Amino acid sequence: MQAERDISYADVNRDVVRSLVETGSKYYITLAISVSVMLACFFAPWFYQLQYGIGAAGMNHPTVWGTYLASFIFWIGLSHSGTLLSCVLHITNSSWRKAMYRSAEAMTLFSLMVAVTMVMVHLGRPWFIHWAVPYPNQMELWPNFRSPLMFDVMAITTYLTGSTIFIYMGTIPDFAAVRDRTTGWRHHMYVLLSLGWRGTDTEWHRLGWAYTFLAVLIIPLAVSVHSIVSWDFALSIVPALHQTIFAPYFVVGAIYSGTAGIVTVMFVLRKYMNFEHYITKLHFDNLGKLLLVLSLIWTYINVLEIFTGWYSGTSTEYEAIRYKLFGYYAPLYWEMILFCAVAPLLMISKRFRTSFVPMLILSIAINIGMYTERFLIVATSLSRQYLPDAWGIYVPSLVEISIMVGSLAMFVTLFLIFVKIFPSISIYEIKETLPEPEPKTQSESGAPEWQPTL
Amino acid sequence: MSFINDFLASWREYRRPGYYEKFDYAWTMSIDLDRCTGCEACVTACQAENNLPIVGEDEFAKGREMQWIRIERYWEGEYPNVKLGFIPMLCQHCDAAPCETVCPVSATYHNQDGLNAQIYNRCIGTRSCAVYCPYEVRYFNYNNHHWDAPLDEQLNPDVSVREKGVMEKCTFCIQRIRQAKDQAKDDGRRRVRDGEVQPACVQTCPAEALVFGDRNDAESQVAQSMNHPRAYHVLEELNTDPSVVYLKKVGSNAG
Amino acid sequence: MATNTVGLFDAPATALAAAGELKGAGFDATSIISPIPLHGAEKVLGEKKSAIKRFTFFGGLFGMLFGFSLAAGTAVLYLHPTGGRPIITIPPFLIITYEMTILCGILATVIGFLVSARFPAMRERVYVPEAAVDKFVVSVLCSDDAHDRRAEEILRSAGAEEIRRLREED
């Protein structure tokens, strides 16, 4: 499979340690830009909003939910592909996952963190967010577990914990490998993080079982998390939201946008961390096939929604669909269809799937389209409900747009910090894909070819 | 043995939908659409009684009005052949309220008087109750409000002033209900009589279109309205069991 | 004095063969340190049983009971009826139960892993840094010098590149 590469085990170690330790000015500049955009576009407007009130955003009566919640759903959706895909591919013993799953799982973790901050931005009184967490308190008050938002709290906590544990467990052997070849604060950090891993057969055996159990537990968890997030909407009686298709719709949409996110991240890693040997056309090809399938399923679900809304003939359902397709937000709707249903059909061609820059552009377009989808779910449903007198229009304000951009910068910042602390490619799993080393014959023992270089 | 009996009795109690077997007082409002002229005196009265903020022209234009009761205006046709209808829309205090279940911090619940109560200091502002309400009668405080002098002297001391980030809605003037119940108790543990407590909107309506009372009391006016041939609930098909009864309009320019 | 004799091999095949011979010669405390998990290791060194699955199962069970009692118990502690629904509603509480089952299952699996693999390592253990790069190391614990030499013989004849003697700290 990777026959064209002539990489030895030692090369893998060297490349990964180099990616951790060597930082050029390009990295620092990118990090500086990312941090300043995050501070200026996320934290500053949020601070303003905390003082002024949610009025700084564009929400009004009746559209009380806006881009903050759409962003929240988007980031949770983006988080789905990393860990879920990694677990599914692990269970099915696929080998092409090995180069990319570490960064994909990191993507999951950071998207979840950004999603939680979006919740805090969304709340009217975020200084009381801890009331949504069940803890014994003097008021003897507990949260309302009947609420879909509470299912959310429990599910996202579980998913965040599970993802953190999953990515950490998978990285323990790699921490050991880089521990041996780094110095100073890094060395101390990796000594702690590797827990004293040596790589004995017992340890590998235990890790293998624990990892498999975690993967088996996380797959139903990930499916449930986005279903639960969809039920924030579907358990209401708003006409466009109260649909049973929402749980599968959101899960498929999440895996879809998450996989597109993985393609973007893979392109960036490949180019800027010099991982050309590890992330190859094969990965993009397989990811492209997966994206194509998901795009077709996603299109199917959208067609279902339109068909059932139209066929029902009830005024509220019909109006909900008509408004979505031809109402105030119609340009956004058709843009979403173009980016998420039509453009991905380009991936039918293998040539497209194995070309890096077109796949990057398509993956970004898909994510823009998916963000639009989340935005439309919030905006078009709330602006047309049962009572026509209470219809309204929602336009995001500058503060909201800035916070959207800032959340992206936050994600990039977290990811940039990640690539310098965690080995962003799994060393031992890559080695498993390489051809097994052959025993050297006695005559060659004088000058061994692969001496570990320190 | 008795422990098991207690447990089973509690289990049955906790599994009863709505938990209450019967409300203490079941406050109900009946609105006669034939009489409503759309004058919006009720809106003004509510604003005065409940310390509603004056959001200002700019905020109102953005759609952030604060009206616990609003007059919905529906018209058909072109002038001069217009059919006009007014529906005063306020919190329906549904017995099966969709807004109550979704609050993650239990800031809204159904009390023993059949009222949907909002607890301002528990609200963290997720705004999901406003999404779940099909009547859209929940209003959010998008910013802190300010009353120019001397309007700040007009504030009702019985009602709290809400800060930004908190959801609010019609309470059937719970402060007046509370006062009436206290008065009744002081008078010798009697029940509140029909007509003794009136929310601000009911008190102010010049056409007497709004009537308020206890539907548990069979002789009250509202109990009679409930059996009126013109009686209906708005969005009845959603099964929210509202406590507000509307009497259909059959006047000369009825729709 | 118990010492560990370790032999460094270039290829997993030779390392496994050496480990098999050592096991056959009676050295029970043989282990293989490798940069990747070796699938032939169980055949050569014997079946391993892990207790992790018990941790996961009981963790999940605990999570299930804890989740339901959290949701139902707190609902009963402070009664506040909402939406005409019962105080103890089954479908929403089942969702909470499900999430807590998975959370406690995950945490129990981690604890099981740490316990059964004896992490974190508080004392230094036998380790060869090359084993994290590209060498496959067979390590055998010998109780005295005679065993030491026998082990070294077997390792050399199997094709070890290098032999070292390491002492595990008490």
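A, B and C are the chain letters, set down in written order, and residue numbers restart from 1 in every chain.
We take it that a contact is a pair of C-beta atoms (placed from the backbone, for glycine too) under 8 Å apart; a residue touches a chain by one contact, two chains touch by 3 or more.
Note that the coordinates shown come from a computational prediction; the quantities given were computed from them, not determined experimentally.
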From chain C, the most remote chain by mean C-alpha position: B
Pair with more cross-chain C-beta pairs in contact, given A-B and B-C: A-B
Inter-chain centre distance, chain A versus chain C - centres from mean C-alpha coordinates, in Å: 29
Gap in Å, rounded to a whole number, between the CA centres of chain B and chain A: 43
Whole-Å separation of chain centres (CA-atom averages), chain B against chain C: 62
Multi-chain contact residues (two or more partners), chain A: 141-144, 146-148, 150
Junction residues of chain B - those touching two or more other chains: 98, 101, 103, 106
Junction residues of chain C, two or more chains touched: 75, 78, 80, 82-83, 85
Partner chain A, residues of chain B touching it in the complex: 59, 62-65, 70, 72-74, 87, 89, 98, 101-106, 122-128, 130-132, 134-136, 139-144, 164-167, 234-235, 238
Chain C residues within the chain B interface of the complex: 75-76, 78-88
Footprint of chain C on chain A - complex, ascending: 8-10, 13, 134, 140-148, 150-151, 154-155, 157-158, 161-162, 165, 169, 173, 176-177, 180, 195-210, 213-214, 217-218, 220-221, 224, 228, 427-428, 431-432, 436-440, 442, 445, 448, 450, 452
Chain A-facing residues of chain C, complex: 9-14, 31-38, 41-42, 45, 48, 50, 52-53, 56, 70-71, 74-75, 77-78, 80, 82-83, 85, 89, 92-93, 95-96, 98-100, 102-103, 105-107, 109-110, 112-114, 116-117, 119-122, 125-127, 129-135, 139, 159, 161
Residue numbers on chain B that touch chain C, as the complex places them: 10-11, 13-20, 94-101, 103, 106, 108-110, 241
